[in-house]
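Below is one structure; the comments refer to it alone.
Chains: A, B and C, in written order; residue numbering restarts at 1 for each.
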Amino acid sequence: MKHSFDLAQLEEIVSPEQVRGSTTRTIHGIAALKEAEAGDLSFLGNAKYKVDVPATQASLVLLPLDYEGEPGDDQCFFLVKNPSVALATICSRIEQRLWPTPHAGIHASAVVSKDAEVHDSATVGPLCVIEAGAKIGPGTHLQAHVFVGRGAKIGADCWLSPSSQVTSSCILGDRVRLHGGVIVGSDGFGYELVEGRHAKVPQVGSVEVGDDVEIGANSTIDRARFSRTVIGRGTKIDNLVQIGHNVVVGQHCILCAQVGISGSTTLEDYVVLGGQVGVGGHITLAKGTQAGGQTGITANTEPGVTLNGTPAMPFHLERRLVVLNRKLPDLFKRVGQLETLIEAIKKTSA
Amino acid sequence: MKHSFDLAQLEEIVSPEQVRGSTTRTIHGIAALKEAEAGDLSFLGNAKYKVDVPATQASLVLLPLDYEGEPGDDQCFFLVKNPSVALATICSRIEQRLWPTPHAGIHASAVVSKDAEVHDSATVGPLCVIEAGAKIGPGTHLQAHVFVGRGAKIGADCWLSPSSQVTSSCILGDRVRLHGGVIVGSDGFGYELVEGRHAKVPQVGSVEVGDDVEIGANSTIDRARFSRTVIGRGTKIDNLVQIGHNVVVGQHCILCAQVGISGSTTLEDYVVLGGQVGVGGHITLAKGTQAGGQTGITANTEPGVTLNGTPAMPFHLERRLVVLNRKLPDLFKRVGQLETLIEAIKKTSA
Amino acid sequence: MKHSFDLAQLEEIVSPEQVRGSTTRTIHGIAALKEAEAGDLSFLGNAKYKVDVPATQASLVLLPLDYEGEPGDDQCFFLVKNPSVALATICSRIEQRLWPTPHAGIHASAVVSKDAEVHDSATVGPLCVIEAGAKIGPGTHLQAHVFVGRGAKIGADCWLSPSSQVTSSCILGDRVRLHGGVIVGSDGFGYELVEGRHAKVPQVGSVEVGDDVEIGANSTIDRARFSRTVIGRGTKIDNLVQIGHNVVVGQHCILCAQVGISGSTTLEDYVVLGGQVGVGGHITLAKGTQAGGQTGITANTEPGVTLNGTPAMPFHLERRLVVLNRKLPDLFKRVGQLETLIEAIKKTSA
C-alpha cells in the first residue's frame, strides 16, 4: 500500500475485541499469511489457512475471536469478530488516502446543459457531458468523459468512472458505482421480421438502478422496450455483463463477469451467478438461486437451488453425470462383452 | 411513456383495419395485457396470451384481424394485420418525441480536422473527434465523445451513440446505428511466433458496414488483416459481441449478446445466433443457420439447420442426448444387473 | 492496400534469399493465392494451400525456401525463410504509411494536470485527460479521449487507442498497445456478506502490464485487492477479455476474445486460451497449457496439456466422449435388447 499506519492508528480504525502482543513496526503493506514480511499486515479470512498463522512474518495479524495461539516477538494479533470485514475497513481508509474526495464543482472543460441540475456538492470532472433535464445529486462524482443523457437522474454520493454513461431518462439511486465504460440505457434488442427485413421495435423505456448497486467495467444494461429494466438495491455486477431489456434483477444479487441475461427475465433477491453464465428470456430465477460458471439456464428455478451445466441441472446431478460420462468408454466395452457372452450362451443352448 | 396520445391520434398513427368499441381515456402508458391499467395501451403479440385479452384493463388493445371478442366498457380494440408492428409504429412516434432530431451543426467543443468533410445537415455533438479525411453524411448524428478516425466514411442518417468509434479507413453505410462504446475497426488478432515471441501481423485492412445495420453497446468489430471485414445490410448485432478480422457477415443476420465470431469465418444471409454462441475460424455458416444460446460451432453448416450444444449438433439430437444423459445413472445400473444375471446363467449352465 | 510498391522496394523490405522471375507490375494489393489478381502480392503461409500456387494470378508471391515451382509470365517469386513473417514486415511498412507517427506534443483540447509528467517526444491527442502524478514515457501516443489516472506510469513507445484508460497507480511497460475502450485498473469484484448485504472490499492494489503486451478492444483488467494484478511481457490479449483481480498472467501467453479469468489465478508462460474460455479462481495453469474455445477450467493443469470441454478434460478424451455421446441412443437400444434376450434365456432355462 502507498501509505503507512502505526499500530495505534490501526487499533483505532479496527477497534479489536482483544489485542495480543505488540509491534514497534510501522505497517506499510498488506499480504497473505505466507507471503507477509515484517512491516506487513495479514489476516485469517478463511479457516483453511489457520496453519499458516504460527509461521507468518507479518507484524500485525487480524484473527477471529476464537483463535488461540500467541504472537511471536515484535508481532501483534488483533482479535476481531470478522477479520475480512476488519481488513475491508482498513482498506477503505487506505482508499480514502489514495483517492481523496475531489473538490466539488464543475470542471471548466465539461459540457453541461444550462437546463441540467447539478448539486453544489457534486463534482463533474473534465470533459463530461450532461444534457438538458439531467439531475446530479449531492456528493456525486463524475470522473472524466462521463455522459449523462437528457432527463437522466443520478442520486447522492454516486461515483461514475471514466467513460461511463447514464443515457436518456435512466435513473440511479444513491451510492451507486459505475466503473469505466459502463452503459446504462443502451437500446434493447428487439425487431419484427417484416417482409424479410428486421424492423426495429423502438425501445422507449428506461433503466432504474437501486441504491448501493455497483456495476463493473464495460457492462451494459439495456433500456426497456417500454416501462423499466430494474437493478435492485445492493446488487453487485462484475465486468462485461449484459442485462437485456425489461429484465428485473432483485436485491443483493451477485452477477460475476461476462454473465448474460436475456430480455424480460426476472431474478429474485440473492441470486448468485458465476462467470459466463447465460440466462434465457422470459423466465424467473427464484430467490437464492445459485449457478456455477458457464451454466446455461433456460427454465424457471426453485428457491435456493444450486445449478451447473448447460442445460442447467442440479449441481449434484451434474457432478454425477460428469463422472459417468468419463466412464462411457468402459461402459461401451462392458456392453460389447455382454453381447458376446449372450451370443455364446445362445449358441450353447441352441 | 412520457407523452400521452388521444384515441384519434393513435388511430391516425396505426390506421387499423377495424375499430371496435371506444374509450374516452387519454393513453399515457403501454403495458402487457395482465399488467395494463385504465389509460394504458396493450397488445396481443403472441397467441399464447389470447386468454388475457378479455380481462385486460387496458383502455386500448391492438389485436390481430382474426380476433373475435368484443371490448368492455370504455375500451377500444384496434384490429390490425400485425399488432407487434403496429406497436412498433407507435413506439417510433414516442421515440421522436423523447429524442427529437437535434439541430444540425458542429458543437463548439468538438475537435474536427479541417481536412474532414461534415455534411451541413449532420450533427456533431459535444467533445467528438473527427480526424483528417473522414466524411460524415447528411442527417447523420454523432452524439457525444464519438471518435471518427482518419479517412473513415459514414453514410446518411446514421446515429452514433456516446463513445462509439469508427476508426481509420472504416466505412458505414446509411441508417447505421452504433450504440455506446461500439468499436468498428479495432485491430485483428494476428501474430506469428518467431523465436519464442509473438510478432504482430499488422492489420492494415478495414471494416465495411452495410445499410441499416445496428450494433449493440460495447461490441467490437475487428479490421481485416488486409482487405475488409464485412457486416451485411440489415444485420442486427446485440451488445458485447466480438467479430474477428476478415469475417463476412451476410445480410439480415441476428447476432445476440456476447456472441463471438473467430477470424475469416463467413455467415451467409439470415443466420441467427443466440446469446454467447461461439463460432470458430475459417468456416461458413450457410444461409438461415440458427443456433441456440452458448452453442459452439466449429464446422461448416447446412442451410437452414438449427443447432445446439458444444460441439454443435442438430437441435433434436442435442435434446435427445440431454435426456439420455440424465438416464445414465440408470443405464449403468441396468448394465451391472445384466452382468450379474449373465454370471449366474454361466454358473448354472456350467 | 492504400499505397503501392514497386518490385525493387519490396525486395529491399523483404530481403528474399532468392528471387525467381520478374514482374513489371506495381504491387497495389494483397490477397490470398486463389483471390489474387495481377498487381497483387500473395503468399504461401500454410502448406495446405501449396496446390494454389501454380494457378495464382498474383504478380508477386512470397514462398518458403523449399518451394520448387517456377513463376509464370510477368510473375515474380520471393523465396524467404518464413513467408508469413515476410508478409508482416511488408504490412508493417504499409501501416507506417497509413498511420504515420504523429507530431509530438499535447493537443490544445487535452486536460493535463500540471503535476503530470509528459515526455517531450510523446503525443497526447485531442480530449485526453491526464491526472496528477501520472507519467507518460518517450514516443508514447495517446490517440483521443484517453484517460490516465492519478499516479499511473506509462512506458516508452506505447500506443493507446481512443477511450482506453489506465487508471490510478497502474503501470504499463514499453511498447504496450491498448485498443479502444480497454480499461486497465477497474476495481476487483470483492464483497463480504454482512447482515444480508454485500459490503465492498476496497480494491487498493494496482495493475502492472509488461513490455510488448497488446490488449484488445473493450477488455478489462481489474486492479488487485492489495498488491498487483500482473500481465507478463509479450502476452497478447484479444477483445472483450476479463482479467480478475490478483491474477498473474505469465509471459508470451495468448488469450483469445471473450476469455474470462477469475481472481487470484496464475497463468504460467506460453498459455494459450481459445475464445470464450472461462478459468476459475485461485488455480494455476502450468506452462504451455492450451485450451479450445469455450473450455471451462476449474483445477490446476499440468505443463503442456491441451484441454477441451466443460469441465475441462484432455483434448483426446473429450473428443472420444463426444463420439460416444452421439452413440448413446444406440447404446440404450443395445442394452434393451440384451435385457430382452436375458429374460428369454431365463425363461427357457427355467
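As a working rule, contacts are C-beta pairs under 8 Å (C-beta built on N, C-alpha and C of every residue); 3 or more make two chains touch, one makes a residue touch a chain.
Please read these numbers as outputs of a predicted model, since none were measured by experiment.
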| item | value |
| --- | --- |
| Rotation angle superposing chain B onto its copy chain C by C-alpha atoms, nearest 5 degrees | 120 |
| Same-residue or different-residue interface between chain A and chain C, half as cut-off | different |
| Chain A-chain C separation of Cα centroids, rounded to whole Å | 26 |
| Of all residues in chain C, the ones touching two or more other chains | 109, 127, 145, 163, 181, 218, 240, 258, 276, 294, 310, 325, 331, 335, 338, 342, 345, 349 |
| Touching residues on chain B, where the partner in the complex is chain C | 109, 111, 127, 129, 145, 147, 149-150, 163, 165, 167-169, 181, 183, 186-187, 189, 191-192, 194, 196-204, 218, 220, 222, 225-227, 240, 242, 244, 258, 260, 262, 276, 278, 280, 294, 296, 298, 310-311, 313, 317, 320-321, 324-325, 327, 331, 334-335, 338, 341-342, 345, 348-349 |
| Chain C - residues contacting chain B, complex | 1-2, 29-31, 82, 84-85, 87-88, 91-92, 94-95, 98-99, 107, 109, 125-127, 143-145, 161-163, 177, 179-181, 212, 214, 216-218, 234, 236, 238-240, 252, 254, 256-258, 275-276, 293-294, 309-310, 322, 325-326, 328-329, 331-332, 335, 338-339, 342, 345-346, 349 |
